[in-house]
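Which chain is which? They are A, B, C, D and E, in the order written, and residues in each are numbered from 1.
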Amino acid sequence: MQDIFQLAYWIPLLPLLGALLNGLGRNHLNRTLSGLVGSATVLGSFVLSLLIFFQVKAGQSGVVHYFDFIRVGSFSIPFAFQIDALSSLFLLIITGVGFLIHVYSTAYMHHEEPAHFARYFAYLNLFVFSMLLLVLGSNYVILFMGWEGVGLCSYLLIGYWFKNPAYTAAANKAFIMNRIGDLAFLVALFWIITKSGVVGFQEFFAFVQQHQFTDRFTATDITVITVLFFIGATGKSAQLPLYTWLPDAMAGPTPVSALIHAATMVTAGIYLIARSNMLYSLAPHTLHLISWVGLMTALLAASIAVAQNDIKKVLAYSTVSQLGFMFLALGTGAYAAAVFHVMTHAFFKALLFLGSGSVIHAMGGEQDIRNMGGLSKKLRVTYITFLIGCIAIAGVPPFSGFFSKDAILLSVFLHSPIQYALALLAALLTAFYMFRLLFLTFSGRFRGTQEQLHHLHESPLAMTLPLVVLAVLSIVGGWVGIPAALVPDAEALHHFLSPVIPVLTHAVSHETEYALMALSTGLVLVMIGAAWMRYRNYQPGTPANAFINLLENKWYVDELYQKIIVQPFYVLAGWLRAIVEAKGIDGLVNGVGRAVQYSARQLRLVQSGQVGLYVLLMVLSMAIMLLIQFFIRK
Amino acid sequence: MIALLIVLIPLLGGIFSFGTRANKKAADLVFMLFTAGLLTLTLLGLTIFNDPTLYRFSAPWLSSLGSSFSLLLDPLAKVLCLLTALVYFLLALYMNGKSVQKPAAFYGWLLLAQAGMMGVFLATDGLLFYFCWELALIPMYFLSSIWGGARRIAVTFKFFIYTFLGSVLMLAGLIYLQSQTPDQSFALSALLKVKLSTAQQSWLLWLFLPAFAIKLPLFPFHTWQPDTYEEAPTPVTAVLSAVMVKMGVLGLLRWLLPFFPLAAYQWGDVIMGLAVGGIVYASLIAWRQDDLKRLVAYSSIAHIGLMGAAAFAANLASLQGLCFQLFAHGINILGMWLVVDVIERNLGTRKISELGGLASHSPALTFFTIIIALANIALPLTNGFVGELLMFTGLLATKSNFAWVLTVTAGLGIILSAVYTLGMIRSVFFGESNAVTSRPINLSIQEQLVLIVIVVMILVFGIYPQPMLDVTAGYTDQLFRQIDISYLFRKF
Amino acid sequence: MNALLVSALWGVIMMFSGIAIKQTAVLRYLAIAGVMVLLGLNTAEMQGWQLIDIDTTGMLQFDAYALLLNAVLLASLLIYLLLSGSAMERIGNNLSDYLALLFFIGAGMMMVTAFESLLILFLGIEIITIPLYILTGSDKKNLKSNEASLKYFLLGAFSSGILLMGITLVYGARGSFALSGVADTIRMSSSLMIAGMLLLMIAMAFKVSAAPFHFWTPDVYDGAPTVFTSFMATVVKVAVFAAFIRLFDRSFALQFNAWQGWVAVLAALTLFIGNITAVFQQSVKRMLSYSSIAQAGFMLLAVFAMNTMAKEGLLLYAASYSLATIGIFAVLSRMKDYSFEAFNGMASRYPWVAAALAIFFLSLAGIPLTGGFMAKFYMIKAALGQSLWLALFALLMAAVSIYYYFRVIQAMYFKPVAQSDPLAFDNGFTGMLLGVAVLVIVLGVFPEWLIGCLYF
Amino acid sequence: MPINYYLFLSLALFTIGMVGVLTRRNAIIIFMCIELMLNAVNLLLVAFSKMHYQAALEAGQLATQAGVEGQLFVFFIMVVAAAEVSVGLAIIVMMYRNIHSVDINFLNRLKH
Amino acid sequence: MSIVQILFWVLAVMALFSALMVITSKNPVYSVLWLIVTFFAISGHYILLNAQFLAVVNIIVYAGAIMVLFLFVIMLMNARQEGASGSKRWVTLAGTVSGGIFLLVLVAALKDSELKTRSAMVMDGQVGLIKVLGNELFTRYVIPFEISSILFLSAMVGAVVIGKKD
């Protein structure tokens, strides 16, 4: 059944066709048709992915070569897809969650004009295509194509409502920050090509295997490449210091946030590092760096999320924080745990975003949670699914988040107790702010306008159905990675991934594991309780202290970047334009011209019209010539 | 024979066009016919009539000076001729029916310029090359000075003197080189055989380089360019930047590197440093431009900077990438200029600050612009990516201790290009429309056709670049062997 | 020798025909016929046919180079008469005398291209310059013309003194005026010889208006009636250059090292001053006089290099420079206003005249496919082998020259029409102008046709 | 007489003529100074002619023509000078008729 | 000191002095007269050098014809005095200095030339006689002689053109 692999190109191609159909036919399609095209193509991909997944699960994998993208001399970049455990898992996540979000979008975006509606689906499909390309590519170049493609789609979708300057600014910010990371990615890519002359994962890893720590591939090379890839990943996956675009990216329609800025695109960095795990395992320093960056991001974002009042911003910072967890996992070498968390996170974060979308939909566009409250009565389905999402992300067993987070914490614990303590703190903060969000939104009494209250209604089926599906997945999704300590013959995911990611063997007793689980679960429950105490009956107007203000303003990181990076560059550019270019270089060029003109003006004065002067000058020159000839030149 | 026809057709077309006497319809027709004819011929020459004897033409001329009228359609010339023919055809299509003052002269000069440029691309004789090099300039001078903007005369004049200055230095170098050949010949093959010491190569390099650096233009020889691009009528700007700039690249590849490989290596760091520094410099300046044409102009400087650096990186990847980029850049920048022209024609302004919200009323234009802009910032799956990928690869692999510095600095251009390009798109196309932009821009059939062709080429060559790469593969391979420093050292 | 004799005779004929013939056109046609006859005779001599066999007693030698140069000069003269003859009629009422003087000058020019003795050189130069003093002052009512004439006369006579002192010193050292005698290979070059040679060089530099002995040129060219400026700046200058080259090639080849450096200095200075000063001129006529200095700087490169290439190049330079300059002056002499603004919008009013003018200016600037480029190319190539720096400097200055030549093109093509009273460009004139323009292009495309005549 | 005497005498006369050209403002005087320069040259030519003649005699060529050309040259210089004077004075007179001055400092319509 | 030497020195001093007077006299008429003295002194030298023909021609043509012409013109113009201010002092100074440099350089350069030991034959020699010169003039120098007629023709035409009243 290798044949199904040959059909793999249909997986990205279907969404691409959908994008083309929607994009080019935007003026001719009605909303139903657009939605149908958009969703059906992704569904098709999902079905194919499922088929492939089962093939892979049955133990098959391989590279499907289509054509040579670029061939220069002996160096070639094939256009080829890699189908193995890791990519097939991601395929499922992308197409699965993607499909749900497409369905959700048909309802959520229904008030858009048909042309824009089609444009939206074209972008969304294009995104799915790019993301699929990213995970399917068998080499870094194809991966990079997807990598940039998703960045582009993210840009397009954030700026989807292009009339709003703030939104387009956010879009630009997202793209440019991503580009900073991309540059690092590219340099790593060039480095690989220069050093090894190959770009395929398998070929490159084989090369590394063969030449590691020799002159052809030194430890420096490994460190440089891994660090650069990681920098690339910080851009795409919103880690310190390049995370600030992600919260702003919430300017896009909510389903987009769910799909791109929570479930899929932002995990591309994790995918990249997991894919290159062989390389990273050779670079302990890089891993160390990654773990700290991830941890710090997790903490920082969690701390900010505690004080945010925009429902989507909270979720955005939570995403950043969760991504930090994943990087922490990667940094401790627990690649599989990271991937596991990617999967569970995709479920519950998509769920949370879609839930928030449902809330926003119901509130008529209102996003400030201080103006909500008590929605649980009106939005039953949304409330329940949102609650499930919160529990899952908080890490309460047996919901999915618990297992993935537990795997990470365990790995961190083994790696470094200090990091463990900090990670635990971040996890607790997660529980706190998520339940703060939940309570502020759904408990207490309604704090919005009368009009909003009047309009409150549960969302249509197309929206609630994905919520339900995702809720179910959020509950059961973690069971594929139940640790061996709890049930025998577990950790199915790790085994599934083992062809790509070697299985870690923990030398840790079950007792320790139990203790850790109990500790984290216990503390999480305490935090939930604290949140319940505090925000169950929230009243607006509570004065905020300075620290909360600091958090609310996101540690002023954006302002800092603006001041120390953007502003100086902007001023520099202006200086270059006005001074260096105009006065300096062009001034020099014009100066030569002006010097010629000036000397022309002066020189012509010698031509005074006076014969006497002419003769004098002639005689003088003559005398000087003779003088030089006879007394100097000798 | 094909080589001769490629020069002859536009030449005749130019003369013919002058004869149409201000009749716009007739002038349009002549322009269209000749450009289409040339494109057809070029395409046929690349595909069906691929007999090498047809690619070569030689006739005695100025033989007492060691010169001859020799043309050769080699792979590099193929790419460039195809590009030129295509750009002109697209321009003809675009200009069809548009109002131009004195159309006969306008098209006539354009076609004469084309003849000159074709001559530059095809010439395999030093003197002929120089002739065409200068002659391509004259029509441009007239075009920009007659049909340009308010400051056109002074600006074009500066451009002319600047380029002329560069080229006379080259002439001196050429003459010196010729005097070193045993039989006083200007033939490319004879010039290539001249044995030069490294010191000789060095100063000859600096005689040749300014001509090409100014034409490209490489930082810091670029200051004529934004002014000229701004002042010239947009179709002329398009020709200038899409095709004429390639004369400089061709000069580097055919008339500089193979002659002075040792000096090119010796000075490579300096030149690449300048080129790469120019990328950052121009990108930063582009960020602060308010005039669309100036913005595109500076972005072009940035792109050209990379191409210049790639030429001096002198390895297979960079050269191959460069050859590809020659074509890709031509198509992309043509697209940019046409978009600018459409905006200016319809709305009467190019000021970014006066525009805004075009996307609301002109979705088609927005669509095309965004794709072209994306190609301009080298997004994967557009043709811009392929060339840049290879050039960057080559740049990092170049034999220099500073290769990684160069690469990273050049890489800043990747970021900055996104900064200014997206900034421009945001300011021009996004946001609420204002009084100026509330009028919808309806693209005519021809305009749409042209933009579609451009977009299709962007995507096709972005996804499947190999055919284009195959065209120049043999050429770059040979060139690489001529200039590869390690190989040369081995030979000595 | 044929042409020399007939030229003198035809001068006399012109002189007397002024009494008999009153219609200026007839006189002009007579002169044109005369130049054609001269040209024919010269060509005949090139084929080896002599009118009368005269023993020149080693004073003159009409070799192939001299004859070809004469042909070029005569052709230039012919074109000059064709284009500017009618403008000459407007200056005073002595047309026949002017034409006679032109023929006398013609005889002088043929002497300086073929002299074998310093005496003939001196006489030839005087025969050229004395009528020129008169032609310069021929516009008697015009103070500028008077002034130019007097300046030219005083400075010219002064330089003749220098020339004579040079000849005398050389004579003292060598005891002979014959070029072959001067170029004595046995005796060493004494300081007397060197001093004489330098003075000769200075005098010749004056005559060809090389800096720093060029001061008379702008004033005289500016003040003289435009038709005669045209003649002085082209045909005469080229003839004197021929003398310069002949003198230093035949007589002082052995002292090459002593004078080559000086010629380089002169050339560089001339190029610099000519080109730079021309930049700021407000009158096209005066700009052209500076440009003629600049072009002299280029021609000096031929003296500097003094090889086959240089000599061939000088022929080409003579032809292309003269044709272009004559063409421009012909147009200028039909205009009232010599400022750059007077050319504004000429392209739209007189497209063909403008096109021809543009070609002339392009040629002067040295743009490829014009004779001017080829001429400059020869010069540069000749000089490059000797001194790269001088060649580079010359090229840089050529780039500067673009600045002022193109100002006229800009005015003609890019500026709106300024004045509305029509200029006197009849069809015949325009046609001839275009013919000359075509010649300039032909020289640029097939320079070998001219050079090849040397080796018939 | 030692030839150097004549040489220096002529040079001195020549220079005096030249200085006259440099310092005087009257066109006629300037012209006269130029004539003085020519005469200095003439004197030197004759002296050289006799020097070469003497050298030829000493070399034993009895019926020598050596030195003749020097004196003939002087003759031609005089011829030329005469012609020059006629033209020159005519020009000066014409100038005088127009501006009633022969001061060369007034010749400044043509400059720059 | 022989008579020849005395004659030489007298004539030399006379020539130099009168030449200096030519350029220093305020009155143009005096200048002309001093110039005539100079020409006589030079003619004296010619006689000393036994260049009889030239001596005679010099007197007739220069001192006679040409200088009379000058005198006529000066009288005609009645321009006896230069402008009130005269030449500026610095002009005189500069002229003298540069002329002095010219003379000094040439003298210094030529004083040790190969002619140092040579001398010019005085009071003797056939070469300056009219017979010899005439013979030579109409044989070997006939071409320059004829050519000089062109010169005269053109000077004549020129003088007519310039002098003629329009």
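By our rule, a residue touches a chain if its C-beta (ideal position, glycine included) is under 8 Å from a C-beta of that chain, and two chains touch if they have at least 3 such contacts.
Everything quoted here is computed from the prediction, not taken from an experiment.
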Could you tell me which chain lies farthest from subunit D when each chain's centre is the average position of its Cα atoms?
A
Taking each chain's centre as the average of its Cα atoms, which is closest to the average over all protein Cα atoms shown?
B
Measuring centre to centre, with centres taken as mean CA positions, what chain is farthest from subunit B?
E
Comparing C-E with A-B, the one with more C-beta contacts is A-B
With centres defined as the mean C-alpha position, give me the subunit B-subunit C separation in Å.
43
Inter-chain centre distance, subunit A versus subunit C - centres from mean C-alpha coordinates, in Å
78
Can you work out the whole-Å distance between the CA centroids of subunit D and subunit E?
5
Once you find the CA centre of subunit C and the CA centre of subunit D, what distance in Å lies between them?
27
Residues of subunit B that contact two or more other chains, please.
161
What are the residue numbers in subunit C that touch two or more other chains?
119, 123, 126, 130, 133-134, 137, 140-141, 151, 154, 158, 172, 191, 195, 218-219, 403
Among all residues of subunit A, which ones touch two or more of the remaining chains?
593, 604, 607, 609, 611-612, 615-616, 619, 622, 626, 629-630
So which chains end up touching which?
A-B, A-C, A-D, A-E, B-C, C-D, C-E, D-E
Please give the residue numbers of subunit B that touch subunit A in the complex, ascending.
158, 161-162, 220, 222-224, 281, 284-285, 287-289, 316-317, 320-321, 357, 359-360, 363, 367, 374, 379-381, 385-386, 389-390, 392-393, 395-397, 404, 407-408, 411-412, 414-415, 418-419, 422-423, 426, 429-432, 464-466, 469, 473, 476-477
Can you name the residues of subunit D that touch subunit C in the complex?
3, 7, 10, 14, 17-18, 21, 27, 30-31, 34, 37-38, 40-41, 44-45, 48, 51-52, 55, 66-67, 69-70, 72-73, 76-77, 80, 83-84, 87-88, 91-92, 94-95, 98-99, 104, 107, 109-111
In the complex formed with subunit C, which residues of subunit A make contact?
593, 596-597, 599-601, 603-604, 606-607, 609, 611, 613-615, 617-618, 621-622, 625-626, 629-630, 633
Enumerate the contact residues on subunit B facing subunit C in the complex.
62-65, 130-131, 134-135, 138, 142, 145-146, 152-153, 157, 160-161, 164-165, 168-169, 171-172, 175-176, 179, 207
Which part of subunit C faces subunit E closely enough to touch in the complex?
8, 11-12, 15, 54, 56-57, 59-60, 92-94, 97-98, 100-101, 104-105, 107-108, 111, 117, 119-120, 123, 126-127, 130-131, 133-134, 137-138, 140-141, 172-173, 188, 190-192, 195
